[in-house]
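Please find one structure pasted underneath; my questions will follow.
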């Protein structure tokens, strides 16, 4: 595959395939319909306008379609915009695959699954182990394909599992440095804390919020499921309450969506590890797009700060 | 029964029965043990010290004991304090009853139950009706005896049911004034919103927070039970989600303990009716103790305001 | 009258009358003048551009003019925009009336007046009654035509009186449920609390803020008038101070514009009833425009929340 | 007169006159009544206990009484406390005067009055001049004796006039530096801004808040009087509105009690000059009591900061 | 020179010189390049578009270039926009000077320098005097040409020195009114407090933030330099610490960028004088552009307030 | 050595050595002097009163003195208080050592030094290495004995080095998990970030804040020293600025004392690692004192939360 769309400059010609992320119909001031397309590949996205779109165009060029585009990269309101010369749907003979145009975690699903299984296997507390194993079994497919968020961090295919595995790795090291930590509880909390997003989001590839997601939220959805699964497995006792607390408190504060603040050491740690991994993911990806000696774009969920890439770093 | 403890002045003699609310052992600066007692009847509370308490005293004068006390009302750090001359446990022959020394709702349990049953009976939506009826049946005894809070508002026996019934009365009128309101949903939300307190508090008469109450909280405890009860009753569909949302959002904001803000008209209304009834309960009781032309003590949960009782009110 | 502008879809032809809400002159990039019109009827509003406007056009098509328009509904920046084919002022022979294009309260002025008069008649406290009657008499015409706000809630003709009457209805029921409430004081507070808006707003139909409104505000304007009217009526004593306090504190907090927080039971209640009725008005109207199973637009004064209309509601 | 109470050390004997600022009756743990006295002179205050107080003592030693005390300065909870050996009311033959034991502004009333009169005389705008003159005439006696606050800054006899004159002095210089300032408006705002305190406080010497002060507040009380006085003087027009705005906005923000923020240059300036003079008054007095190289006590209204007195300052 | 750009109305023809403040290249929807120019003179700024810009145009019309423009003042999105008919670089024979198109302080550099020198000369504390003199000597040229801010207040050539001199004038008067003030310390703090901006900004005429400015900030940059200069001058002792504290605390609060709040009287005063002069500068300039009876535009750094210019002011 | 003071119960006799942490003179209500002593050993602290203290007692029993005490553990205001029967200074023949009564880090100084040296040795960037080495060399003795804070976390001898080494251990693992991290910069930031506390605190064993500490703070003190040391070592360039930024931003926000927020990846990480290690230190030590199934005392710097120790943990 060619260099990605993220690497094109104003003025460059474009002649390759892109995936339609969104397609919105409009009516121009001359009364003629047009399509506003958001096109993407694995490296990034670009806006495009298809002027004087026929009703056939509207039918064909929809979200999820892979298309061949020729055109030129212009600029509109300080953002790049692709001026389309021609556009057609991809065909089997083009030899391009939908899958290659979607951003994915940098680690393979199998490896992610292996690491999660290993963490469950290491647990000595049978209650935590049985509950966690049950969830991973039940949601395995979605767990390995859902993103960890709709935007901001780990917002790509397998992002959820990627986030979990990164957090497990941090947790492993923290457990060595602070030996009083209940590693089983921390591992269980990490694996389960965001699984409710599978119900909060509509699907893995182009996720939006479900009604249940908006009205209940992934935190409460998951806490309730832990109780139901524990009941099914006939597990009782404080482990269940404590595990629910881990999930309920992992956003850290009421203002951030947690009905209870962390009141257990491992819950406090879970919150910090979650935040740390999310922030490193955002930062690393923003800095990758930035030249040494320059500042990144403002990163909204990090208090809108723009970060500096020191000029003595050559990566 | 005599006039209550709330009506005694500094300098008055006391010679009647009181209930021990709390009893704490101390060691005085002369090395001798003493008991700090908090004594109460239906009208109020008073501090007392039992100096040079024997180990027999410590064994006998414990929380929940009804005692005969003689003494004099003095003052310590601007608060009344009962100087004990003599104290003994009450005896069957005294003809006084534990029950008469506990604050209770001003409405009888039977009447409260009747009004709740009536509200359920009025519902036309079978799902809301079945879920609500199931809860009321399951928790009937506790529902009729628990307070609505550990302190501040409706913090007396049957306070929870009293609060529910007051709210149902407001809701009934609001439904007439704003006919678009889904009255069934609003009624169901009111009846269920605080039932989780039965798990959050240790008991009805001298409630403290349970571990589950602290780690999970009554909001999440109840939302989860709604799902479980609905599953048991084989009720599915949006009514269950919406009812959970009513409970989850009734504190109004993340800072106030709700993981989701109200996103449904009836949820918004539930929050306001809850707040309104709690505030009227606090205000009415504080003003009852205040003379016209005077200010109440600071009411902490109402932003520490002291309220004025106009001098033209003769109540 | 035909179906209103709110019911037109992108692509529909339009051929009917509309009222010009605002008309702003612009100069296009080709150097020619044009008019940006905001056109409305009782159901809603739509933007329109009149390109190459002559100076005659500018003179004729001004705010408040009723016009006959033919055109087509297009779209600009995700909002509908009326593409004008022809436009002319309405004529007497058209048989359309200015009044039918303005949003009004759903209750007639006579009925609103009757209910306010009734509330004053019910008062037993002569001071509250005389002051309130004097104000209603003095401002009757404006009181019955002004909106309650420039935007957000009750922002239509007679909105102020509609808001007052809704609040009186709530107050009546609350007084039954909490019998300690001083109903006369509460009624007087409700009738007077927002009358200062008559000075704060420039007029009833297309209100903007007056200089006095911006520099003093309706709260202080009204509190001061209560004192002046009481002086004129030779009424002295605490009722006047308390009534001023009701007005001064009805926004609830300093941050929300009240120089004093509510320090009297009825002032606290006035604040809550005011907020409750404003919110129900906003919510009901937003939900009317929303299909079951959908969310409303973000409602800005309600913390920018979008509300859900449950799919089991068929209204 | 001897050195004041502020200069006594732990262990010193005391034998002189003091004024009773407050006297509160208590009942000791041995059942005997005692008096808690707060005694003061022009330099400061000290707590004292009069044990085993007779009912005659209670009658005699009341607030405002000047007394002869012998005793010793001890310490209680890290604060000095005067151990009373003997106490008696002062007698005419003692040759001491009540007035000499009250803290007063460091400038004489006559001089303060002169400076205020001069500022009014300088005004060229007849409306501002007439309104201001009318107020000064009407309230002259109280204006020259009231404090500017119950505590914190200028909380002494003539503190209000002292504060006004200090502010006028700053205003005079600021008007030279920023010649666009409307000096008449600024002077009028300064003279009137806090006059409402005469109604907000009960009296000049031992002020507490009046009911009117609590329910309306000095800001609204004064704004309303400006309108009434202007009406009486038959002054109309924008000057009155603007002058009211100066008063309403002088606390700067809603959170600080102003129903409107400053929206006029001179109102913004009035707020800053008011704050500046209040802070300098607090700071100067706190630093006077502090040795070079030491920190002051925490100053509560200045965000609880403790200020440092540099060791190179020899004042 | 002609009347400035700020005085042109929509529809006016323009035919004079302007300075290019910024020039940004764009590509139009027809694929052709254009330049977005921000043009200015001493009175204000105007946007302009140069359509179909050649690569020669791009090379010539850059930031800092003085150009001759003919065109017409149109309007785009409610803001004036200059429609360019012709444009060319200025030539020596045009007799116009770059310097005349840049906004400058209303006081000459020589006069500013004189006033600063005078303040240093007045100091009696040799340490403050030597440190201040050293800084003024070292940075003299930049001190007299830099603005005090990139935008908002004193954002013009010599703005920094103008701000310092205004503050010195206020300080001089304040020192007379509050004689305990250490005038030397206050003067030194005023002269040095913002000198770090010389390193924080890239240059005097079109300043942007340097990397050092963003990562360290002018406050820390200057505090550190005071230590280094004091070391060089072999000055030790508390004066240096106190002077650093003045600089570190002059923004008043952590939220506003100061690592320590003011803890010395003169530091508190410095903060207030700084704020006062900045606000008066913004206000005076905003009101100059506003007609009596009108409100200014919203002033962002003053909590977005729009200020009123009373109609009785004829300036 | 015997079991520590932390393990004594109310009613126990005490007969061993303790260190005087603070000694404050008071005068009792009977006029006699007494001493309030705070006594400690390695396990904890206890209050004690020495009644009727002679002037000899005052001279002898001062802060830092090791004393032999016999007495009984009583209770005062819900806190244990040691009732002293006899007290005398320790003597050489007692065979007890001052050092054994002071809380210290659980790791030896030599080991801490070794780990810090190792981290410096690992650095590849010569500038970071030289600056860090210079500081460690210059401050070695204090670095190994100072606490990391006056209270809350690592508030014991060698606490500063213990905190640094824990953070280095976390950093090492994080660098493996996120390979883009500049490990040298992160290590340098960790080693230097709190060194300014050596100037902020008066001494290692009983630290209080110095004047410099209060007026400048450890953050600015250290940032300035980095510049000075770099100048001395003739190191220039961005590494110095970036290292200063690490120190200035490590508290994360203006409200928390940092003049700049983290704007570099490693600065963000430094802030999180600092917070994480401080919180784990506080939590581990609070939970050590708590029985399974119980809550800790409120931990003030962790938002006053009380943490739960699950009953299934047997540590």
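In this document, chain identifiers A, B, C, D, E and F correspond to the written order of the chains, with residue numbering beginning at 1 in each.
Everything below uses one rule, namely that a contact is a pair of C-beta atoms (placed from the backbone, for glycine too) under 8 Å apart; a residue touches a chain by one contact, two chains touch by 3 or more.
Keep in mind it's a predicted model, so treat the numbers as computed, not measured.
Asker: Give the fewest steps needed to get from chain B to chain F, where each step moves from one chain to a chain it touches.
Answerer: 1
Asker: Among all chains, whose Cα centre is located farthest from the one for chain B?
Answerer: So the chain farthest away from chain B turns out to be E.
Asker: Could you report, rounded to a multiple of 5°, the rotation needed to superpose chain A's C-alpha atoms on chain E?
Answerer: That pair's rotation angle lands at 120 degrees.
Asker: Find the chain most remote from chain C, comparing centres computed as mean CA coordinates.
Answerer: That would be chain F.
Asker: Measure off the straight-line distance from the CA centroid of chain B to the CA centroid of chain C, and report it in whole Å.
Answerer: Roughly 41 Å separates the two chain centres.
Asker: Return the distance between the CA-based centres of chain E and chain F, expressed in whole Å.
Answerer: It comes to 45 Å between the two C-alpha centres.
Asker: Could you pull out the residues of chain D that touch at least 2 other chains?
Answerer: 211, 214-215, 238, 242, 263-264, 295, 308
Asker: So which chains end up touching which?
Answerer: A-B, A-C, A-E, A-F, B-C, B-D, B-F, C-D, C-E, D-E, D-F, E-F
Asker: Under the definition above, what is the set of chain A residues touching chain C in their complex?
Answerer: For this pair, the touching residues of chain A are 24, 26-29, 31, 211, 214-215.
Asker: Which bits of chain A are touching chain B when the two form their complex?
Answerer: 211-212, 214-217, 219-220, 223-224, 227-228, 231, 238, 241-242, 244-245, 248, 253-260, 263-264
Asker: Which stretch or stretches of chain D touch chain F in the complex?
Answerer: Residue positions touching the partner: 10-11, 49, 72, 74-76, 78, 83, 293, 295, 308.
Asker: Along chain D, where are the residues that touch chain E in the complex?
Answerer: Counting only chain D, the residues touching chain E are 125, 166, 169-170, 173-174, 177-178, 180, 182, 185, 237-239, 242, 261-265, 268-269, 272, 275-276, 279-280, 283-284, 287-288, 295, 302-303, 305-308, 310-313, 315.
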